[in-house]
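Think of it as A, B and C in the order they're written, each chain with its own count starting at 1.
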Amino acid sequence: MNDLFFSFIPGNSILHRLDPRTKIIGLMIVSICILQISSFSGMALVTLIFAAFVFACKLPLMHFVRSVRPMIIFFLLIFLMQLFFTEGTPLFSLSLVTVSYEGLILGTILTLRFVFLLIFAALLTATTSPSGITAGIERLLRHFPLRHAGISSHDIAMMMSLSIYFVPMLYDNFKNLRDAQFSRGLDIRKEPLKAILSLSVPLIGMSVRAVDDVAMAMESRCYQSTGRSSMHVLEFGRYDHLFILLYFFVVVLCLIF
Amino acid sequence: MSIEVKDLNHFYNKGTSLEKHALDDVNFVIDKGEFVLIGGEVGSGKSTLVRHFNGLLKPDSGSVKINDIDAGDKKVRSHLGLLMQNPQKQLFGRTVFEDISFGPSNFGSKGEALKKRVVDALDLVGLGPEYTEISPFSLSGGQMRLVALAGILAMEPEYLVLDEPTSGLDPENRYSLLSTLKGLHCSGLSVVVVSHQVDEILPLADKVILLKKGRLAFVGTPEEYLSSVSSPLPEITSFMKLLNQAGFDVRDNIYSVDDAFQEIVRSLKIVEVEQNE
Amino acid sequence: MIKITNLSYRYPDGTLALNSVNLDIKKGEFVVIAGKNGCGKSTLLRSINGLILPSEGSVAVNGMYTSDRSRVMDIRRMAGMIFQNPESQFIGMTVEEDVAFGPENLSLSTEEIHKLVEKSLRAVEMHEFRDHTPRILSGGQKQKIALASVLAMEPGIILLDEVTTMLDPDSRNEILSLVKRLHENGTTIVYVTHLLEELVHADRLVVMEEGRIMHDGDPRTILSQAKVTTFGFNLPPIIELSRKLRDSGIIDRTTFPLSKDELMEALCQLK
């Protein structure tokens, strides 16, 4: 099931055709805006922008619900924390805790922020192939003086694309391992310490081996972090310029709200 | 006393565009004491099937019962030991003892009784008691797999289910693992092996179950299997079928090299006699 | 093309993995290196690719020594290597990216990279999967991609390290016939395996034991002369049947059929 969340959905909409760099910069700007907004009218504006994008990329809304779903407990926790632990005008109280009006507002805004951060990120991953994203980030990073720190933008892009492949693989390994130890009568609730040991030791072993293997495969295929070329060509098109222009409006709007 | 699979259906990613009908109305019974081969190609649903045997996966419809207890019941896990693929990678103990005792201690075994179980299990896989105190990570790949098997045997299950137990082993380790399984079966254990290596498991089996694309394609004895199924077949069997097609008069429901040799000798003599006439 | 002289290799912990190995592989040969797990066959293969440097002796590929670090990229480009585990040699997020990884490291132009990716994927008949993520591929398909990734660097030698161990029989046969085709097109093949069934297409067999070479020569001669126990295991059923038929004089002693097809041919001649 985890195959579906934050996955790329091929298509040919305006958003799909945009240069990854435009979309990455866009996500960054939108994220900063979301973190700045603290009013409901601002959130309404963000909702509107999001709705426009979803309409433009013609993706089912369900996809975005799926991206948020695994985090629901986390959201609930944030919401409740704010609800109970914010001091202010009391609304009502339950035996020990008091719910304040400020807490309700703060909790809602904070939860909405996280939800929007996630679904905008899902919008990027749904309309951009993973390779597009890494190529985009690699190109953007070239403008930063990383070389002085001894890292190349290729190294970072490589790390990203390897983790995109490895994280799901390790998750599969973990599920297999958990099943194997369940078969041997492991009860995580009864003995959590034992569970941690019996799951983490083999998992670390597997990860180390996988990293060793892939490092060797990379070496044997002549990996070098400088002077690599790339099969992806990134080019700004008409729409990209339009979107960059749009970003200015969004920033200004956010400043107003 | 049996493993009873009834109208079993399982879906992956149900309700999404990636929905896959992994098991489709599967029915069979494995009786206690049998040695069963579950065969099928990669993706035929074999591993999904055995994960229903001890409740790791729940049926979307239908049922799996072990000795009349629903497989979802945690009690089942001490009756039915499941050894998953690449078990040598699942070891974690600082010593072999710690690792093998993991299963039985989860089911409440302690002290001297636990020690005895560990030593007995090691003995069953052909390793001596001197192995208990060494680190499992210092062993060879083949030995690590035996230790993992001992970890399941120490739970003293009535049914031993193994998923691709020989994959990745070299022929020498393969051979020793197979003879261990044969010994375990002779001592009364029910053994179920999931494998695409028909060659090595078929000679040991009482019953063969074949899955194709999640459906049951065959259930029966090895003899029936050899004469009614076209693939996968042991190397020798498929060679005998080729010989038959080329006009040799040989039996093609055999899998051993010796039988094949006898058959070829017999058929060649007939051919020679005909030529003489 | 590959010249290994007095090669010894010690692991950091002191165990001797290779013990004065001498091996000379000519252009266009198909060499199978067989032996039990831990006999040193994989270590030997890795030394050819320069992933492991000799403790003693030398390894030269096309006259370039692996100990000369300035030539190591050229050696790896000349001798491409494929590993055992299909899960952990995939670099990149899509099939074509994995295949492009090598050419990108060689700093080829975007246009050239696309051409090489296209050509290599066609060679392994995986072209239709170019945009796929590796997660949905089977082990056999992943190994075909690994083969394509090496082909994209246009190597003269391909080194294969137990590439079929984790595959089912059908995928194994597919990989074998791909390798056979590459050999027919002139590529030198060094194929490490513990499965003697995979010997069929080889013109040379090297059997290793405890870091040494025990046999080196024509596969049929070695199989017919050496004691079975030297290999440390049973022969595959078809080869054992051939051997039996040969030993009892039923089929001609000058031949040694190694596959079903070859044995069939030998038997049909008797009819």
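In this text, a residue touches a chain if its C-beta (ideal position, glycine included) is under 8 Å from a C-beta of that chain, and two chains touch if they have at least 3 such contacts.
What you see is a predicted model, and the numbers here were worked out from it, not measured in a lab.
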Most distant chain from chain B by Cα centroid: A
Pair exhibiting more inter-chain C-beta contacts, A-C or A-B: A-C
Geometric centre distance via CA averages, chain C-chain B, whole Å: 30
Distance between the centres, which are taken as Cα means, of chain C and chain A, whole angstrom: 41
Distance between chain centroids, defined by C-alpha means - chain A, chain B (Å): 42
Two or more partner chains touched - positions in chain A: 3
Shared interface positions of chain C, touching two or more other chains: none
Residue ranges of chain B touching chain C (in the complex, touch as defined): 41-43, 140-142, 167-175, 196-197, 199, 232, 234-236, 238-239, 242-243, 246-248, 257, 260-261, 264-265, 268, 271
In the complex with chain A, residue positions of chain B that touch it: 13, 16, 18, 51, 54, 56, 74, 77-78, 81-85, 87, 89-92, 102-103, 106-107, 137, 151-152, 155
In the complex with chain B, residue positions of chain A that touch it: 1, 3-4, 176-177, 179-187, 191, 194, 197-202, 205-206
Residues of chain C defined as touching chain A within the complex: 49, 51, 73, 76-77, 80-81, 83, 85, 87-94, 96-97, 100-110, 113-114, 117, 131, 133-135, 149-150, 153
Chain C contact footprint on chain A (complex, rising order): 3, 10, 129-131, 134, 161-162, 164-165, 168-169, 209-210, 213-214, 216-224, 227-233
